[in-house]
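Order as written gives the chain letters A, B and C; numbering starts at 1 within each chain.
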Amino acid sequence: MLEQLLDASLWASVTRALIPVLLAAIGGMICERAGVFQISLEGMMLAGAFAAVGMAHVSGSPWAAVVGAALAGVALSLVLAFGAVSRGGNAIVLGVAINILAVGLTSFLLPQLFGVRGSFQPEGGVRIGAVSIPGLSDLPFMGPVLFNLSLLGYLALLLVPATWYFLFRTQIGLRLRGVGERPLAAETLGVSPTAYRYAAVMVSGVLAGLAGAQLSLGNVGVFAENMSSGRGWIAVVAVLLGRAHPMGVLGACVLFGFAEAFGFRLQGQGLPVQITDALPFVVTLAALVLARKQFRRLLDLTAGSV
Amino acid sequence: MADSLRSRLPTLLGHPVTIALVVSFGFGGVVIALTGGDPLTAFSEMLTGGFSGNGLRNTLGRSIPIVGMALAFSIAFRAGILNLGGEGQMLLGALTGTMLAITLPGPGVVVVPVAVLGGAVVGAAWGLLPALGQTRLRVPLLITSLLLNYVARAVTSYLVRYPFGEPGAAFASTAAVPETARIPRFEILGSGRISISFLFMLGIVVAAAIAYRRTVFGYETGMMGLSGPFARFGGVDVDRHALVTMALSGGVGGLVGTHLVVGETYRYIDADMIAQAGFAWTGLMVALLAFNRPIPILVAGIFFAGLQIGGFAMERATDVSWQLAQVIQALVIVAVVSRFSVGRKRLRNLEKEEAVAEAEASHVGEV
Amino acid sequence: MTAELELRGITKRFPGVLACDGIDLEAYPGEIHCIVGENGAGKTTLMSILYGLHRPDEGDIRIRGEEVRIDSPLRAIGLGLGMVHQAFKLFPSLSVAENVIFRQEPSRWGRIDRKRASAVVSELAASYGLAVDPDARVEDLPVGVLQRVEILKALYRDASILILDEPTAVLTPQERDRLFEVMRRLRDSGRTILFITHKLPEVMAVADRITVLRGGRAVARLDPATTTPEEISRHMTGRDVVVIRADGSRSEGRPILEVQDLHVAGAHGVAAVAGVSFDVRAGEVVGIAAVAGNGQSELVEAIAGLRPIESGVIRLTGTDITRASVSDRRRAGMSYIPEDRHRVGTAATASVAENMLMGYQRDPALRRGRFLSTEAVDTHAKELSDRYDIRLSGVEVAAGTLSGGNLQRVVLAREMGHEAPLILAEQPTRGVDIGAIEFIHTQLLAARDRGAAILLVSAELSEIQALSNRILVMFEGRIVAELDPASVDEAEIGLHMTGVGGG
């Protein structure tokens, strides 16, 4: 059993599983710091997954696919930004609506644009491949686990220290945190909450879109309807559990990545697929219960919020 | 009469819902045009397909799960509780009701009510779970109710394949519900039938309307939704009401799920039911559009049902995928929530936020 | 000498109300200029205009002789205007230094130079006698220190005109005097201080010149050397003020509220209420005098059932309510006028009728058969509105549309309509116009004469003295003094409020 836990290939799957969630969660974390409760990560991820496959099919280039995914995420994020920041609508309800919109749009465009239903593979089998770093990828344990990721994967890992530095050491980061905590106070000092919130939401759109690209083109090479499968929601929980701090968010994502990878392992050993599918969600629920002291603000937001 | 209509026209035209409909259909039309279709034909097929002749009957039939899930969501939402777990409550209720209908001996008059009740009870329990998480453990039920959807899917998928599955079936499904144990149908609008669940749904609409306006429970939960701190201050037992509303919400979800099998498809087919779980989200949107009020929910629910039935007709007649109806529905909600309106006062949400934050910090000052 | 700041004909309209009506004002360098007016006279709107949050509909503003357009807070800061806000605009989780330097951070290529920030803030604080720890987190600091941080914010931005909006509401008399010293120092350095207040003793103590606002107009320009508080008051209200005073008779009634050795937890693991015991008897008003943040809010919330208790006993009309729910407490005879009338005392989006129903929804008189009767609910609301003089176009209007004074009458009407044995009244007249203040005081005293027991918590010492039979002073979660309102003055109460005074 212990050997199983120290198995490098298990941890390599953990990294693979956590990358999309981490990318989306970092976007969600930035929004949370700016004071926007971002729960449409699921929809933006799905949109990004679709756009990546679509662009890959049309252009044959993974780079174009990644750009397309980012743009799809930004487009949806602008709906949230406009509705919640400019017009003052309820961000939670809007987020749910955007998730539904993304499912509807992708399921509609799939037959409309590509003439198929259910799932779609881009022509030419374009993928976002893994890029191994010469030298480092030969290290005994760390090699396959950390140094054999796609470029998006490296981006995700690098963003963790980068966002830490941004939030806690730079001017813009300080102002962002101020906007999230007391927007009116920030406004009286000349920092525009609207501008910072728009920026934060759009960044989350980009990152969630990229997460989707990793999911579709990176991990499996196809787009399937509803393929985000709750990962966007897990990203939301990761932000909550990690208290919107880069290290906390990373920790939460590792936990879920482990649950998913371990679940696949168990599947390989004969456990029914349904049980292992449920594993990440059960782990998430358990983590929520264990970490329950921190949810006051969310409870206040949702009660009496009509 | 004409005068009052003329004077109300500006308000109606500027009303968020009207604008939302215009914007959404407009966007839908643009999308159709961009992907090679003809918007006018498509929309006319959609509207005639959903609201005339046989289509209207199908629309009423389809309105049962939509209005039902809208009621389920709104029971909780008007108390300020976001129950995102409708999918799971539906699925578990459906499977329970199905298995009870299949396995219980006895005449239909006994079996059907027991199956329906069983579905409601299990749905209620699945709704109670996240509510207990929030009241006892302070874990937000917005998130737990949603995560439990995925758990419910896994559980039902497993149960349908192994213990309850019909061996040798092409897809994962249970056996068929025996004819005697099915929810009966009745004739409406000419030569077709819809389930009597439609009448029960109407009954729930009326009961909800009365309860909201004229009972103590309705008043107290309504106040909870408008201001949690005020309700608590006034002595309302917020935690207990949260549990009761979530149980009711989940129970209605379980009823809807049971109807979908025992009243419509007569077989719990895994893949099919997971798709039908989408009614939970359609219902959510209807409830938002109707501001949680039962009669508007009925109207909006029938309208959305018509859009969907019309969407199928549109797809049969043109090449436009029926999912466009989903897109339009979601856009309507987005537009309404974004408070699109002409000539209305805009709220400064920042000030509201700040007031909440400052009250928490209990600083002195003019609020 | 040119005026530092000149306002001419400033007019501002909001939907349904003329907030400012042609206001003229001149303030000079090296002067403390008091702007007085009661709540609703237009002071706050005028200050928001000066600070760039609103644009005037008519009129102009001149700074040092030049006409200016203040269209944003950033512009106001750039012109040398520094606002010290009534409800502090600080970021709780950030440090003092981060709060002061916000938006003008010393930096290199986007990275904040934290050492320099700390140093600059310390120097600035020292040169004006404002003691602060630049690295302390704002949320850990007491209210008096927060005000110094707000002043530092203005000074850091080279403010030549400092606007202090009701700064003394949260201070003990001693802290207030220290603030006045700082103000004098700033004035002597050539700055212009605009000091907004409605407290006349303060005006007489520090003002160099006085402008009185009433109903959106500047109705008088006075010199403190030649005027009196009564004259100022007459300009503020347009009539002679009736001062309500309780007759100070001791009550012989039985104890209604009994609190024994109460302990209530507060934030950061510190006890908010650390062993409080007292009684309130039928027919008496007990006033609790305390500076904000000394446990009085937590005490009242604990008695009301909105905050859990660590240990101790609370009895109401003889019944033990220590662990009782809010509804049980109300049934035992409690009514509560809360501090926060907008968020807690009413539901802004609900109608007045719905607001008035809370607490009466189980009353059999409001039923028709097994259901609530909407007519009876409306009649109930109308009757209460008439009895408590609430100006309404109808009971179906949303509570959030009412003015502060009117809204407080709604709360009063509903709570006092129960004619309960115990009334908890928290800051009952904060932010309310003078007419409503008189009305509320009259109603409270009438209830007392009917035999109610009233626990009054207020930051307005004049109110405490006027209404109470006994005064309890709270400091750091304990009752440190019991005083007779007839035989003490504000200064002595203030001394006890700071913990000094031989408890």
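Everything below uses one rule, namely that a residue touches a chain if its C-beta (ideal position, glycine included) is under 8 Å from a C-beta of that chain, and two chains touch if they have at least 3 such contacts.
If you're wondering where the values come from, they're calculated on a predicted model, not measured in any experiment.
**Student:** Based on the touch definition given at the start, go ahead and assign the chain network to line, ring, star, complete or other.
**Tutor:** Contact pattern: complete, every chain touching every other.
**Student:** By the contact definition above, name the pair with the higher C-beta contact count: B-C or A-C.
**Tutor:** Ranking B-C and A-C by C-beta contacts puts B-C first.
**Student:** Taking the mean of the C-alpha atoms as each chain's centre, how many Å separate chain A from chain B?
**Tutor:** Their C-alpha centroids are separated by 28 Å.
**Student:** Could you please state the distance in Å, as a whole number, between where the Cα atoms of chain A are centred and where those of chain C are centred?
**Tutor:** Distance between chain centres, rounded to whole Å: 45 Å.
**Student:** Multi-chain contacts only, two chains or more: what residues does chain B have there?
**Tutor:** Residues 226-227, 229-231, 356 of chain B touch two or more partner chains.
**Student:** Could you list which residues of chain A touch at least two other chains?
**Tutor:** 181-182, 184-185, 187
**Student:** Could you pull out the residues of chain C that touch at least 2 other chains?
**Tutor:** Residues 85, 92 of chain C touch two or more partner chains.
**Student:** Can you name the residues of chain C that touch chain A in the complex?
**Tutor:** Residues 51, 53, 72-74, 77, 83, 85, 89-94, 98, 102-103, 105, 107, 110-112, 153 of chain C touch chain A in their complex.
**Student:** Could you please specify the touching residues of chain C with respect to chain B in the complex?
**Tutor:** Residue list for chain C touching chain B: 15, 39, 44, 85-88, 92, 139, 143, 166, 169-170, 292-293, 297, 304, 306, 325-327, 329-330, 336, 338, 340-350, 354, 357-359, 361-362, 371-374, 404, 430-431, 459.
**Student:** Show which residues of chain A lie in contact with chain C when the two form their complex.
**Tutor:** Where chain A meets chain C, its residues are 169-172, 174-175, 177-178, 181-182, 184-191.
**Student:** In their shared complex, at which residues does chain B touch chain C?
**Tutor:** 210, 213-216, 219-220, 222-223, 226-227, 229-237, 345, 355-356, 358-359, 361-367
**Student:** Could you please specify the touching residues of chain A with respect to chain B in the complex?
**Tutor:** Counting only chain A, the residues touching chain B are 35, 79, 82-84, 87-90, 92-94, 96-98, 100-101, 103-105, 107-113, 181-185, 187, 193, 229-230, 233, 236-237, 240, 272, 274-275, 277-278, 281-282, 284-285, 288-289, 292-293, 295-296, 298-300, 302-306.
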